[in-house]
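Think of it as A, B, C and D in the order they're written, each chain with its own count starting at 1.
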Amino acid sequence: MKQNIAVIGGDARYIELIRQLNYYPEFTTTISGFNKLEQGFTGAKQVDFTDLRPELFDAIVLPITGTKKAGLVETFFSDEEIYLSRKWFERLDKKTPIFTGITNDFLDKITDNTNAKVIPLLDRDDVAIYNSIPTAEGTILMAMKHTDYTIHSSRIIVTGFGRVGHTVANKFQALGANVSVAATKIRDLARITEMGLDSIPLHLLEDYTDECDILINTIPAPVIQKTAIQHLPPHALIFDLASKPGGTDFEFAKQRGIKAVLSESLPGIVAPKTAGKILANVIIQILMERSSIDES
Amino acid sequence: MKQNIAVIGGDARYIELIRQLNYYPEFTTTISGFNKLEQGFTGAKQVDFTDLRPELFDAIVLPITGTKKAGLVETFFSDEEIYLSRKWFERLDKKTPIFTGITNDFLDKITDNTNAKVIPLLDRDDVAIYNSIPTAEGTILMAMKHTDYTIHSSRIIVTGFGRVGHTVANKFQALGANVSVAATKIRDLARITEMGLDSIPLHLLEDYTDECDILINTIPAPVIQKTAIQHLPPHALIFDLASKPGGTDFEFAKQRGIKAVLSESLPGIVAPKTAGKILANVIIQILMERSSIDES
Amino acid sequence: MKQNIAVIGGDARYIELIRQLNYYPEFTTTISGFNKLEQGFTGAKQVDFTDLRPELFDAIVLPITGTKKAGLVETFFSDEEIYLSRKWFERLDKKTPIFTGITNDFLDKITDNTNAKVIPLLDRDDVAIYNSIPTAEGTILMAMKHTDYTIHSSRIIVTGFGRVGHTVANKFQALGANVSVAATKIRDLARITEMGLDSIPLHLLEDYTDECDILINTIPAPVIQKTAIQHLPPHALIFDLASKPGGTDFEFAKQRGIKAVLSESLPGIVAPKTAGKILANVIIQILMERSSIDES
Amino acid sequence: MKQNIAVIGGDARYIELIRQLNYYPEFTTTISGFNKLEQGFTGAKQVDFTDLRPELFDAIVLPITGTKKAGLVETFFSDEEIYLSRKWFERLDKKTPIFTGITNDFLDKITDNTNAKVIPLLDRDDVAIYNSIPTAEGTILMAMKHTDYTIHSSRIIVTGFGRVGHTVANKFQALGANVSVAATKIRDLARITEMGLDSIPLHLLEDYTDECDILINTIPAPVIQKTAIQHLPPHALIFDLASKPGGTDFEFAKQRGIKAVLSESLPGIVAPKTAGKILANVIIQILMERSSIDES
């Protein structure tokens, strides 16, 4: 049996996401919040949100950002104002999964009450790792734009060795930079060494920043503090990839004259098509598994 | 204050381990089970085990293998038979750490009763990762010895993406092999893809073995089973790195005429000096931290 | 004895070049065509060209582009119009080397007559190889800007395996792209294979372009012709790095709706500082050797 | 029309070579000097040399080593003594190519007179580069066997950046060693730097050897001399890959207590199958081209 999917709002990544869903005869995809695009572009049927009947759908796809506070859905390709109300959620079947990038209080509360299941895709390890690739490429792009020297031979410190930090370190090393990674876990420090990178115990970061051209933070905690910044050479750059508000003392950096950039949503900027495909792949996999369970 | 360390038994790795300990003025190292070596070789004082008074030592270092069943200690460089008895353990200070590679029932029980603390070094993530480097190099050595073709362009499947599997996959890829890695976790499958390797869901392994020259197992569970082996080409090799009894159906491999090798202790064989240094580094670090805590 | 060097005109790369020269007490550097910059910026003395007396200099540095036809020198940091006349060249000592990036008919003829020695730096193998690094980074930047997918997993064909092609292939491979290189020499095809890249005999290029996302040409000859372009998928891109007019049938690409970009001077755009340093290093080395010969 | 090929003598590499020839219906392969092998093993017809009529063959394949002085052919798989006489060569058709690894005075002279064409395969750039892969793997094998530490983190100097040196440097770097390469050409020094390796001007080699664990020479000239050896640490190793007599002052190394090994024929030792295939590929390609020219 065909599954009906509603994609409600979203940015450039969602064009590819919708296309991918459309490849599968198993799904019928309806989109809302895309009326500025021609249908041929995505291949899916656009309907006004007011005409969308939630009870008909087997899955809902919301924007990466979930919703704004009051249930407002961001629509990049429409001027329609879309609000998701409690009533609306109550009309969903309890089993209907609601895909989003990240969840928030509004979604958590409303679905707690209605029993719909929010699936925050960016929390998944596989999505986070696949996404770390365009994130790292976006960081390379930033490095190229903000400097007048090559990445090759430049001195890079990456703080954090999670899903993003690992990939970022990998890529800069691949381009011939001298990369050090600052982490806390002994496991991470050992793996960093095995990879041929220099490992720095995070609490000693400040002892290493004086020989650093670009400091790239991936830790969502205030780890790039005064002392670390103070030792940076004047031409150094800080790219903070961690989710808002980042991990950098931006005030102090500014005071010291060090350029520090908080860089959000790099995958969406640098490779929306790839980013859309990553999301589509996981959504498709989850829906396929569900259906094969239902049918058995 | 100086710490007194007793190293009791051990193989080639322990020569470097003892040398490393000797570099530090903070330690006085006494060794037992090395009377076939000249003192100049390690720099440490050799005494017969019977003359060793446990109550004098701040730390004990046993062989990688811990002890044999009845408390027998393996001594590669001595004919002295060394047995560690319950009495002996009772003479130790309760805080005295007992370093070993892996622990066993004998050690666990006897120290449970005496409150001495066994520290099985190979369980530590950092030791396991550092050790994965000589392990991977040893696997390369085996591949070179057992084949008449180059690693470059050969088709390798690694099962498992833990500390050893990750490094082994890395190294074979670096030498130009076509490497696939079979794992179960979606996180691992994503990272494998990011690294430019082919990822295989472990339960589908058998669909991939028909195009495999060397199958390298790192999973300590029976995962290389009949069907996977059956599809291997006749010239294929299996290297099983997992701890005894490995993860391969060796019986069936033999029947099918596929050479399968259970390869233990590669670090000790291929790079005893590096392996000894890895152990020494961790022991030294632990003892230093202990002493700085004691003193503070 | 100090050598007097005159830098006449030049772009952003020359700021670093001048700074590097200034580090050496062995040189006194005078610059002309930079009066829009503050002196502190380069550290060198700016004089108007009319006040520059050629007979006083031991070396002349012209812009990368040499001169325009009538001897006009490009000055990015000045409105002064600088013309180099025959008379001017005659005032130079015969041994005075004239550094430039590439030479041209004007320079060749005028120096043939005056016996001054033009040294076209970009012709040198070492400069060309060092420059290939920012060139390759610039190509990565272009790829990121012109596509909505990641370089990782994209399918790249590089035509040519000279100084630039080799490095470009290296870098895209390092970022996880699937890279093929088309070349003619068997030596190159073998090295390409050794590096783990796919090799394509250049005359068979058209058989491979149907699976290509980005085609990067480095051959300064008309090698990207109709048939090769015809087989490209519609979304494909062509980056032509070869010096003007490139090696691509741009007309036909346009007709077919394939975006093709002729990309000049990438080092100067993406990494002027590195590019300036590369030139400075070679100039310094040549002048040092000259002086040690003169003195001996 | 089928081409008749005679393979006369050869080592383990030739088994694969013969097999490869046998895959092609275009060739009929006769072998001589292999009577200790069962026919099924190679698939080709073995005849005694005395029964081999040279006038019947379109191509002759001699061992890698060509011939010994008096025309003696090395046969690893036979006790038959095979001598190639002038008479024998005269019976060959003038166009018949005679494949060998390296040529020698005997072959050069005798074929000069008879007009047969000797093709020394190892001189070809493509063969030399493909062969450099098993050569480099063989060097890795040697490093593993002769040391008690890992290649990872070891300090390697490679002298020479030709076909072998380039690949050797590549591979050791890939395994995580700290690799420097000593060369003379500025082109090579630049490429070495681009690759992320340390470059050493060859004439300054001795200034770098004090921090070297393994010195690998690929230059067929006496470049590893007293001063360079003198500065090596006592535990250092020298692997000399250059053809006999190598480039090392072996006398002096011995005197200094430095182990130095002249390592010949690594491809044949470590990967005879790959080495045989490399040769077969080139022979097949040459014969195919010849035949397509003949027929056109």
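Here is the rule we use: contacts are C-beta pairs under 8 Å (C-beta built on N, C-alpha and C of every residue); 3 or more make two chains touch, one makes a residue touch a chain.
Every value quoted in this text rests on a predicted model; they were computed, and no experiment measured them.
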Centroid comparison with chain A (C-alpha atoms), farthest chain: D
Copies chain A and chain B touch via same or different residues, half shared test: same
Chain centre separation in whole Å, for chain D relative to chain B (CA means): 38
Gap in Å, rounded to a whole number, between the CA centres of chain C and chain B: 52
Chain centre separation (chain C, chain D; CA means) in Å: 38
In chain B, residues with contacts to at least two other chains: 133, 152, 176, 194
Parts of chain A lying in touch with chain C, wherever the complex brings them together: 12, 16, 133-134, 137-138, 140-141, 144-145, 147-153, 171, 174-176, 270-274
Residue numbers on chain A that touch chain B, as the complex places them: 124-130, 132-133, 166-167, 170, 185-187, 189-191, 193-195
